[in-house]
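Structures follow.
One chain, chain A, appears in both complexes that follow, with chain B as partner in the first and chain C in the second.
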Partner chain A sequence: MKSTLLKMSHICKSYPGVKAVNDVSIDLFAGEILGIMGENGAGKSTLIKLLAGAEKKDSGEIYIDEKKVDINSPKTSQENGVSVIYQELITMDTLSVAENIFVGQLPVNKVTKLIDWKAAQKKSTEVLALLNSNIKPKSIVATLSVYEKQIVEIAKAIHKNAKVVVMDEPTAALSEKDSKSLFKVIENLKNQGVGIIYISHRIEEVFKISDRITVMRDGKLIATKQTKDVEKKEIISMMIGRELNQFFPEIKSEKKGVMMKVSDLNINGIIENISFEVKKGEILGIFGLVGSGCLNIARALIGVDDIDQGEIHINGKKTSIKNPKNALKNNIGFIPIDRKNEGLTLNFSVKQNLTLQSIDELGSSFIIQESIENSIAEKWVKKLDIKTPNIEVEVKTLSGGNQQKIVLGKTLEINPEILVIVEPTRGIDVGAKMDIYKMLENLCKEGVAIILVSTDVPEILSISNRVLVVSNGKIRKEFKKGEANQQELLYEASLN
Partner chain B sequence: MKVWLKKLIYSDDIVGALGIFLVLLVVFFSVMTPHFFSLMNFNSIIGNIPAMAILCLGLTFVVLVGDLDLSLGSILGITAILAVFFFKVMHFPLWLNLISCVVIGGIFGAFNGAIVTKIGINSIITTLGTMALIRGLTYWIAMDVDAMQVGRITDPAFLNFGRYYFPEKSRLIPITLVYLVILYGASALFLNHTSFGRQIYAVGSNEATARLAGINVKRVRFVCFIIAGMLSAFGGLVLVAQLGLGEAYTGQNMILEVVTAVVLGGVLLTGGKGRLTGVIIAVLILAVIRNGMVHLEQVTDISFYWRDVAKGVILLLAIGLYSVRKSFNAKRLRTRQ
Partner chain C sequence: MKIIGNKITTNMSLFAFLGFLIIVFSFTSEHFLGIYNITSLLTNISYSGIAAIVLTLVIISRGLDISIGGVIGLTTVVIATLYSQSDPLPVWLILIIGLSTGALVGLLNGWCITVLNMDPIITTLGAMAITRGLAYVISDSQSILMFEDTTDFISNGTILFIPIPIILFLITALIFSIILHKSKFGRAVYAIGANETSASLSGISVKKVKMILYVLSGLAASISGIILVGQTSVGMPQHGIGTELEVITAVLLGGTALSGGKGTIYGTIAGVLILGVLFNGLTISGVRYVHLQIFQGILLLAAVATYEIKTRNEVAT
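After this line comes the complex of A and B, so read on.
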C-alpha cells in the first residue's frame, strides 16, 4: 500500500448542546480519493473545517506524512499542504485569474521588487495547462463560470503544492458536462499523487470516482469501506440511523378538493416540467438533496424565482404570481429556509415581527392602532406558546425555536389557504418541533394545503401525505405515505 | 456601578447619551464664556439650524431605508434660486412659490429614487452624480437671475416666512422653530405610528424579509427619496427667507455636515435603526459647538482654526463612545449558536 498522507485520529468537536464530531478517525493515502458521505448535519462539514483550521478541534490528533501537526488556523493548515475547495467558492472575483492563483505570492522582479506580471502569467498558464484548461490568466474571475472558478481554485491548490485537496459538494452547481470534465481533472490530480477528500450527496458520483467511502452519521464515523466491495444501498442504510415515528405525531386530516394545481413549471436550466396538485388539508412533501432544485420550486410558488413557463391554478382559477406580495394576496403563506435573513427582522420586536405581513390591516386609517397590534401579538404568543419575556423584546434575543414560531405566527396571521414551508424545524429543539408539528396538524384540519420542502428524511416521511422526490430539477418519483422507507427515498434522490 | 450609569452605558439607545453630551457642552460654554448663556444667543443658535435640521430630517428618511442621498444640498440650492426667480421674475404669490418649489424638490427626489430603484445603481454613486448635475443647473439658472439684476428679496411677506416671531413684539419663539416642531413631530408620528413608517424600518433592517412579507421594497425606497427632496426644497425656501437672498452656492458643502449630524444622531448608515430625537439633538450639538467656539475665541486666544479641530475631536469622541458601548452590548448579548 502507498504511504499514509493524512491521518486524523480520534477527533472531537462540540458546540453547545451538540457533539458535531465525535471521536472520528480517518486516513488518506497518496493518490487516493476518499469519499465522505452523510446526511445534512452528519458532521462532514465540521470535520473539514477542523482540517482546514477554520474551527479548532477539542481533542484528537492530525498527522501529515506521519508527522504530527498542529493545525490551529487556516494558515497552518495551508502550510501543511491542505487545500480546501468549499461549496461556496471563495475566489476573489474582482481580481484576475493569475492574482487568484498566486494570492499573496506573486513573483517579483529581482531588481525592482515590483510584481513580474509576465512571469505570473507564464506560470499560471503552466498550472492551468496541467488541468487541461485554457482559461486566460488575465481574465477577471467574476466573468468565469462556476466550473472555471473551481478550476482556478484547484490551480491555486496545485501551485501551493497541496498534498491533500478537499472538495465539498463540487458538482452541486455544475452541469453534467462540466462535472465530467471535473472528474477528469480529479483523476489527473490523483495520478500525480495528491490525496483527495471528496464530499458529495450524489451517490453515483462518489461510487464512480472514489477508492474508499467513509460514512458519517450524527457526528460519528459509521464505517469506511472499499468502494468496490460495497453496494449503494448498503451505504445509504449506514447514512440513516434515526428511527421513524419516534418524535412525530400522526397527522390525520380529511382531504377535500384540489387547492393548488401546478402544471409544467419551468425555469430554464434550473427546474423542468414540474407538475403536481395539492389538496385542501393535505401535506405534500418535496424532497431533494442540495442543488436538486426543490428550493427553486418553493420560491417560484411565491413569486421570488421567475418562471419561464408553466401555469399555476388556485381553486381552479389560473393565477400568476409575480412577487411575494402577489402570493400573499392569493393567500399563499411562506416560511423561508433562512430564519434569520429571510424570515425575521432581527432588530424588530416580537410584536413588530408578528404583524409585519398584516401591517396594512392594523386599524382603519393608515395609523397603526396599537391596541389591535398588541392583541394580534398576544394571540400568537399564546397560541404558539412563544417563550418571550414580553412582546416588546427584540427577536434576536430569543432562541431558534421561538424565533421559528414567530415566523410561523407572522405567516398564519394572514390566514393562508396554501402554506409553503421550507425546513421548518431546522436547528430547533424537540419541544418547539412538536409545537410546530401540532400547529401544522391543526392547519390541515382547517383545510389549509401545505407544501413542505425539507431535507430531513424522517420528518418528511412521517408528516407528509405524499412525497415528491426531486433531483436534477425534475420530479423523479412520487411516494404515498408509508410507501417508501428512508433508504428508498434517499436512493431515489441521489440518482441523477 | 450606579444603575443609571449602567443603563446609560449599556442602553442601545444613543439618545440619552447625546442629550447628556449636549447639556455638558452648554454648561461648558456657559461657564467658560460670559455671553453664551443668554436668550439672545440661544435664539441665534436656533436661528442658524432650520435649513440644516430640515435637510437632516430628509436624509434620515433615506438612510433609514439603507440608502444615502448626497444631492440634498444641491436640491436646497436650486430651490433657493428658483424661489427668487419665481418671485422676482414670474411674480408668483408666496403660496404658489412654496408649492412650486416643494413640488420641484419632490421631482428631483423622484429622479434620484427612480435611478436607484428602477435602474438599480447604488444610491451614493447616483446622488454624487445628481449632486453635481443639479448644482450645475443652479449656476446656469443663477446666471439669468443675475443678468436680470433681480437681487435681494425685500418683500415683507416672503421675509416673514423665515423671520417672523411669536409673539411679534417680544421675539420669543421664531417661526422657524414652529416649522421644525411641526415637521419633526409629523415625521415622528409617520415613522413610528403608520404602517408605511413601519415598512421604512422593515426595508432598512432586512430587505429580504420585507420583500417576503409582501412589502413593495422599491416603492418604499422611492417614496423616501421623494420625501427627502421635498423637505430639502422646503429647507431652501426657509433659508432664502431668512437670508433675504438666494445664490447659486447656497447649500454648497452643507451635505457633509448633514451626513455627520445624521450619523452622530444614531441613525444606522445601513438602515433600519435611528430616531428623530437623536437626529435633532445631534443638529443642536453641532450648532452649539459652532456658536460656542466663537464665544470661546473672543475670551481666549484660541485661534479661529481650532473650531474645526474641536468639532472633529468631539465627533470622534461621541462616535467612539457609541462603538465602545456597542461592543459592550455585543458581549452581553452573546448567545449560543
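After this line comes the complex of A and C, so read on.
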C-alpha cells in the first residue's frame, strides 16, 4: 500500500445561497492520478481553490503526509507542497522562462548577492529536461504556445518540490498532439511519486490517464471509483443524476419562417465553417465543453468577436454585425455569460440597468424623462417578478437570480426578434430559473428566435428544439428534441 | 435609496468642512468676510472651476486630463500673438481660434486614448509637455501684452454687480450638472466609468463619448485661458502652470472616484470652493505661496486616502 499523500476530510464551503462544497472527503496517494469529474457548478473548482488557499474553507480538515496542515493562503498551500495549475494559466508573460520557474527564488552569487543567471539557466534546463522539453530558459514566456506555458508551470511546480500537483482542465486549449505530450509528462511525474489531481470534462482522457475517478455533483461527493472497475456510462450517469425538466412543453409558434441564417462562419483558429438556421419561435441549443468555441459563436453573433469569414442573414437580408450596438439595432438581444462583469453595471440601480440598452427611448430630447424610465423599470420588475425593495437600489445588493432577471429584462426592452443567451440560469436558484424559462416560452410564442448556449446538460436538452454539438470549433452533430439523452450529448461533445 | 443617501452625506460633509474653514478664517483675518475679498475669491476660483467642472465628467468616465495647464498657457499665447500682429484678425475670430486650440488638443488626446488605446495619464502628460513647449516656441518665451476690450470685459466686467467669470462658472456648472445628472449622455458617462464592458454591450458608443469628453475638457481649458488673458492683460507661456494639479485636487476632493463611475458636479463645486477658501484664507492670514503648495499636496493625498478608506470599509461590511 502506497502512503497517503493528501487527505481532505469533510470539507464544507458555502457562498451566500449555495453550498458550493458540502461535506466532501477525498484522498490521494503518492504516484497516483485522481480524476475529478462533474458538471459546471458541481464544486470541483471550489474544492481546488480551498486546497490552493485561494478561498477559506468553512469546516473540515486537510492532511498532507498524514500531518494536519492549516492552509489559509496560497503561500501556506505552496509551503505544504501543493501546486495548482489553473485553466487560465498565471504565467508572468513578460518575463523569461527561467524567471518564471524560479519566481522569487532565483539563485544568487554567494559573494555579490546578485542573481546568478548562468546557474538559473542551467537549473532551468535540468528541470525542463525532466519534462522532455527543449524550451529555452531565456525565451520570453509570451512567445510560447499554450502547451509550452503549461510545461513552464509544471516545471515551476517541480522546482518547488511539489508533492501534490492539481491540473484544472489542462487540455481545454491544447491540440491533440500537445495533449498526448502532456499525458506523457503527467505519467512521468506520477512515476516520480508525485500525486496528481486531474480535473477535466473530457471523459476519454480521464479514463485514459487516471487511476481513480471521483465524481462530484451539486457540491457533494457522489462516489470515488477505481478507473479500471467502472464504465464511462456509469460515470456520466453519476455526473448528471438529475432528471430532465419536464415542465418545458413543446412550443408551437404561430409565426413561421427562418429568422436568422448563419453560413460558413470562421474565426481563425477558433471556429470553423459554422452554419445553421434558426426559425421564428424556435430555441436552438448550442452545446460544447469549455474551449469548444461555442462561446465564440455567441460572441460573434452579438458583435463582440470579429469574424474572419462568413455571412449572417436576418429575415433574409444580409447583415453585418460589427459591434454590440449594431446587434441591438438589428434587434438581436442577448444575455452575456458573465452576469456581473458583462451583463450588469453593478453599482447602477435596478432602473438604470433595466433601461441602459434602451437609453435612447427615454424621452425625445437629450434629457432622460424620469417618468418613462420609472415605468419601464416598474414594468419589468412586475413582469419578471424581480424581487427588489424598490427600483432605486443598486443591483449588486440583489441575489443572482434577480440580477439575471434584470439582464433579461434589460435586453427584452429593445423588443428583440433574436435572442442570444449564454448560460442564462448559471448559479441562480430554482424559482428564478423557472421564471426565466417561462419568459422564454412566452417569447417563443411571440415568434422570437432564441439561440441558447449552455453547458447545463438537462437544461439544453429539455428546452431546445434542436441542439448543435460543437467541439474543437466545429459542429459535430445535430440532435432534434428527444433524439439524444444526457449521456449521448456529453459523449459527443467530449470527442475531439 | 442607498445611493442617494451616500450622495447627500458625502456632499454634506464637504459643505460642513467648507463652513468650518470659513468660520476659522473669519477669526484669523478681519478682511476675510469683506465683500471685496469674497468677490475676488470667487472670481479667482471661477477660472480653474470651469476646467474642474468638465474634468469631473472625464474622471467619472475613468479618464484623466493633465494637459489642462498646458492648454491654458498655449491658448493665452495664441490669442495674444494673433492680437499683437500689425493687422490683427477680428477679435471674435481670434477667440474662436483660441477655443479651437483647446478643442484640437482634446481631439488628439481623445484619438490617442480611444483609437490607439493609450493610457489617459500618459497621453495627456505628453500633451501637457507639447502644449507648454509650443507656448514657449510661439511666444519666443516672452510675455505678450494684450490690452483689448472684449477679453477685458470677459474677465473684469460685471452684470448686475456680478463679475462675468463667476457667471461663466455658474453657467458651466449648471449646464454640466444637467448633462451629467439628467441627460442620456451623462448616463453613458457613468456607465462607461462604472463598467466599460457592460456599457459597450449595452450599445453605448464608448469611443465617441470619450472623444467628446476630451474635446470638452480642452475647450474648457481654453475658456480658462481666455479669462486669464483678460485678468492679466498678457499672454504668456507660464500661464496655467500647476493648474492641472489644482483642478484635479478640487475634483477628487469633491468625492469623484479616480476608479470611475462615481462623482457629482455639486461635489466638484464644493471641492473648488474648499480649495479657493483655503488658499485665500491662508494667503490673507499671511501664509506664503510656497507653503500653500504643500497644503494643496496634502489635500490631494487626503482626498484620495479618504476615498480609499471609505471603499475599503464598504467592501469589508
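Throughout what follows, the second predicted complex is superposed on the first by the 483 of 496 C-alpha atoms of A that agree within 3 Å, B and C clash if a C-alpha of one lies under 4 Å from a C-alpha of the other, contacts with A are read in each partner's own complex, and residues count from 1 in each chain.
In this section, a residue touches a chain if its C-beta (ideal position, glycine included) is under 8 Å from a C-beta of that chain, and two chains touch if they have at least 3 such contacts.
If you're wondering where the values come from, they're calculated on a predicted model, not measured in any experiment.
A.B. asks: So if we stack both complexes on chain A, do chain B and chain C clash, or do they fit?
C.D. replies: clash
A.B. asks: What is the contact status of A:Glu392 with respect to chain B (first) and chain C (second): first, second, both, or neither?
C.D. replies: In the superposition, A:Glu392 contacts chain C only.
A.B. asks: Report for A:Cys12: first if it touches chain B alone, second if chain C alone, otherwise both or neither.
C.D. replies: Touch partners of A:Cys12: none, neither chain B nor chain C.
A.B. asks: Looking at the overlay, does A:Ser349 come into contact with chain B only (first), chain C only (second), both, or neither?
C.D. replies: second
A.B. asks: What is the contact status of A:Ala173 with respect to chain B (first) and chain C (second): first, second, both, or neither?
C.D. replies: neither
A.B. asks: Considering only touches as defined above, state whether A:Ala119 meets chain B (first), chain C (second), both or neither.
C.D. replies: Neither partner.
A.B. asks: In the superposed arrangement, does A:Val230 touch chain B (first), chain C (second), both or neither?
C.D. replies: neither
A.B. asks: Counting only touches as set out at the top, which of chain B and chain C does A:Met434 meet: first, second, both, neither?
C.D. replies: Touch status of A:Met434: no partner.
A.B. asks: State which residues of chain A lie in both footprints, the one left by chain B and the one left by chain C.
C.D. replies: The answer is residues 302, 304, 323-325, 328-329, 334, 336, 341-348, 352, 356-357, 359-360, 362, 366-368, 397, 410 of chain A.
A.B. asks: Under the stated contact criterion, what part of chain B meets chain A in this complex?
C.D. replies: 189, 193-196, 198-199, 201-202, 205-206, 208-216, 272-273, 333, 335-337
A.B. asks: Using the touch definition up top, name the residues of chain A that touch chain C in the complex.
C.D. replies: Result: residues 302, 304, 323-325, 328-329, 334, 336, 341-349, 352, 356-357, 359-360, 362-363, 366-368, 390, 392-394, 397, 410 of chain A touch chain C.
A.B. asks: For a test of understanding, state which residues of chain A touch chain B in their complex under the given definition.
C.D. replies: Spelled out, the residues of chain A in touch with chain B are 15-17, 302, 304, 323-325, 327-329, 334, 336, 341-348, 352, 356-357, 359-360, 362, 366-368, 370, 396-397, 410.
A.B. asks: Which residues of chain C touch chain A in the complex?
C.D. replies: Interface residues on chain C, with respect to chain A: 1-4, 178, 182-185, 187-188, 190-191, 194-195, 197-205, 261-262.
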